[in-house]
Amino acid sequence: MTVRKTIPVVIVFVVAVVVMMDYFLVLPPVSEAGKSWTSGAVTNIQNWGIILSAFALGFGAVNLFYFHSRHISRRTPGQWMYSLWLLIVIVIFTVIGVSMGATSDGYSWLYNASFFALSATVYSSLGFYMTSGLYRALRFKNLESGIFVVVGLVVLARNAPALTVYFPALGVWGSFISDVLTTSAQRGIMIGGALGAISLGIRTMTGRETGFLGKLTEEEKGGGAVA
Amino acid sequence: MSGQDKSIWDTLENIPREVLYGILIVVFVFPMVYPLGLPVPISENVRKWYRTIDELPSGSVVLIDFGYSGGGEPELGPMAVAVYHHLFKKGGIKVICMSTSIEGPQLWDKAMAEIRPEQRYGAQYGVDYINIGYIAGTETAMAAVGKDLRATTSTEYKGNSLDQYSIMDGIVDATSFDLLICYTTGGDQSEGWVRQWFTVYETPYLCSVLAMMVPTMLPYQNAGQIVSLTSGAQAGEMESLVKMPARGIKSADVITLTHILCLIYVVVGNVAQIGKKSSGGGR
Amino acid sequence: MAILVTGRIFALAMLILIWIFILWNMEEAKKQLPSFRKLTGLDALPEMVGRAAEMNRPVHFTTGLGSLTTTVAPQLVAGLAVLAHVAELCVNYGVKIIYSVYQPQVMPIATELIKEAYVTAGKPEEFHAEESVRFLSDQQFAYASAVQGIAERERPAANIMIGPFYAESMLFAETFNRIGSIQLAGTARGYQIPFFAIICDYLLIGEEIYAAGAYLSKDAMQAGTIRGQDYGKAVALILIILGVLMTAVGSSFIVDLLGM
């Protein structure tokens, strides 16, 4: 174990244990409000987490500047002019946000006229992709795909509001598909996902998972595991 | 395959994307320009949502998370506006808004511009409703706000101290709230509130998500962790109950027609495939 | 005064039990590597990269959205494990790999993984970080648009998507399908699995992506972890079955136990 690996792992371990202790245990001394000493510690940890998350947003902007500045300086063909435009837009948003305030009319106009409109447009294009995907992919080829088609048709019909007025049975079948079939499958996936998260947690706490530490030397990695 | 001998089945089985999209655009635009007034049945979940808010006693405090991004605004915005109308119409309910999405404050402003609470309902900012702004960290933010709101943020979204607003009197942590509402395009928020608020404090939780997220969120409703789960596509139903028809009702016709069009596309594709096989052009 | 919080005792016991399963199996795996059932999507990776080599087109890889400090970090880690293997295949077949990055913090890890593949194959001079590892944007739809741009301009023969995906999943799948890429996708985010299922050629569902790293690398730690998780799933299955049976006969024992 090296210092570069040990210190972050110890921090992770201590913080994780304190947060878990606060959730599962009530350890004395306990205040009059019934909160144990871990409660205050966890509040501080969570607030530090919020500060670090907010800092990460700024870090993202710094990274954007770094990477796109390199494209501009190297005049990367087919890329550098887009990088230049990106940086200009970042500067405009920053100047207006800082000088007029992020909740000002000017900033709101800029946001609504550009970023919001573009986001909504790109997201809306999903509708087209889904339509062509459905047309091409929902075909009877074998038993499984046949079930896919039937279930897909029922759910599509049920999600058209007016159709359930004229065909009430769609509501019943659709509810069975969503409340029984889909829910049970989703529960299985969620249980698996949760176990994956728990295993990553214990590996991180015990220093076996070092991905979050970035680039490590072989010595720092601890030699890895043996196959 | 020779291009000269293309049968009708080949054509129907491989309709170009441009044709599919072209028809879809027409079906999108037509009911927006000429509303058809197709029936919009109100689902049980929307009714449950409505009842939950309607049964809140006067003086209740509601926390709303504007956790969606600009991409989801066309779907979730109308639902958020309709629910705000309901809360303001009911009166006597304190509504505190926060955002776990960085675009939340701008989208809240957009919603307020549509609702006009002061002009319509005589509601006062800082007395009847407030926005405490974006709090970074998603689940960390939810946990922190639930544990100690004042330690997490001391200002509202424009930077003014919370102490100067009477609505924040007595608001300390999750136990100060009677109801939690979340609108989100991200599963991290919708599931995060279950983990950080319902599981810890058992705060009743209403959640509205994108239509495609509903199947994945259903287990939480079926387990009783969410009181009512709706999708933004059901905004028209909420507007009908609240008697404030707006973008949601207008979209209901579009939703019906586009779903029917997708049904037709799937049927045409499968009929073409079957027809091609039976006419011996299986390859 | 109670030390354990009522209503969370069973959850604590289960958490400790699962930890024990995982840690114990990680040690046992060092003695004998556990076996895995066949994962068709992962077995198809050499075929996918081979196709790219024949067509003289690159392979595109993405681990979707999410960072190493959020709840979707396990999925991102799983994606990076597959990236390491795919990079190795690409180097051996002489195929260019393009990894689209969403979170800047992932860049150094991904760069190192891909570089290692080149160095191990004795071709360090062929590694070009800026070509192989491209930070696009940390905004969802800007990232999605940029990936679609890569698809249209560079026309990869294979597209591999393993990790946490959000609404952009359908955009990616459909765009790469339109340009004729063969696709393998895997995510544990239930919202997006259906979209991958109907479009992609190969699919990994839910925790199969966690097994992917162990399946490909034969790493003892990863394999042991997967086995430990399977023990946890077995316990969950037993509780579900017992709960259903007991509830059916009118007993609330399991429900009360879970609520302890």
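Chains here go by letter, A, B and C, matching the order in which they are written, and residues are numbered from 1 within each.
Going forward, a contact is a pair of C-beta atoms (placed from the backbone, for glycine too) under 8 Å apart; a residue touches a chain by one contact, two chains touch by 3 or more.
What you see is a predicted model; the values in this text were computed from it and never measured.
Visitor: Tell me which chain's centre, taken as the mean of its C-alpha atoms, is farthest from chain B.
Guide: Computed centres place C farthest from chain B.
Visitor: Taking each chain's centre as the average of its Cα atoms, which chain lies closest to the overall Cα centroid?
Guide: The most central chain here turns out to be A.
Visitor: Centroid from C-alpha atoms only, then distance chain B to chain C, rounded to Å. What do you get?
Guide: Computed value for the inter-centroid distance: 29 Å.
Visitor: Just how far, in Å, is the C-alpha centre of chain C from the one of chain A?
Guide: Whole-Å distance between the two chain centres: 14.
Visitor: Just how far, in Å, is the C-alpha centre of chain B from the one of chain A?
Guide: Result: the chain centres lie 18 Å from each other.
Visitor: Mark out which residues of chain B touch at least two other chains, giving numbers and ranges.
Guide: 17, 69, 71, 138, 215-216, in rising order.
Visitor: Could you list the positions in chain C whose residues touch two or more of the other chains?
Guide: 71, 141, 167, 190
Visitor: Do you know which chain A residues sit against two or more other chains?
Guide: 23, 56, 119, 122-123, 130, 132, 134, 136, 138, 186, 190
Visitor: Please give the residue numbers of chain A that touch chain B in the complex, ascending.
Guide: Residues of chain A touching chain B: 23, 39, 42-43, 46-47, 49-54, 56-57, 101-103, 107-108, 111-112, 115-116, 119-120, 122-124, 127-128, 130-132, 134-136, 138-140, 149, 152-153, 156-157, 159-165, 178-179, 182-183, 186-187, 190.
Visitor: Would you pull the chain A residues touching chain C in the complex into a rising list?
Guide: Interface residues on chain A, with respect to chain C: 20, 23-28, 30, 56, 59-60, 63-64, 67, 70, 78, 118-119, 122-123, 125-126, 129-130, 132-134, 136-138, 148, 186, 188-193, 195-200, 202-203, 206, 208-209, 211-212, 214-215, 224-227.
Visitor: Chain C touches which residues of chain B in the complex?
Guide: 17, 69, 71, 138-139, 185-188, 192, 210, 212-213, 215-216
Visitor: Tell me, which parts of chain C touch chain B in their complex?
Guide: Residue list for chain C touching chain B: 70-72, 140-141, 166-167, 178, 189-191, 194.
Visitor: Using the touch rule from the top, collect the residues of chain B that touch chain A in their complex.
Guide: It is residues 15, 17, 20-21, 24, 28, 38-41, 69-74, 102-103, 105-106, 109-110, 135-138, 140-141, 143-144, 147-148, 151-152, 157-159, 200, 211, 214-216, 218-219, 222, 233, 236-237, 252-253, 255-263, 265-270, 273-274 of chain B that touch chain A.
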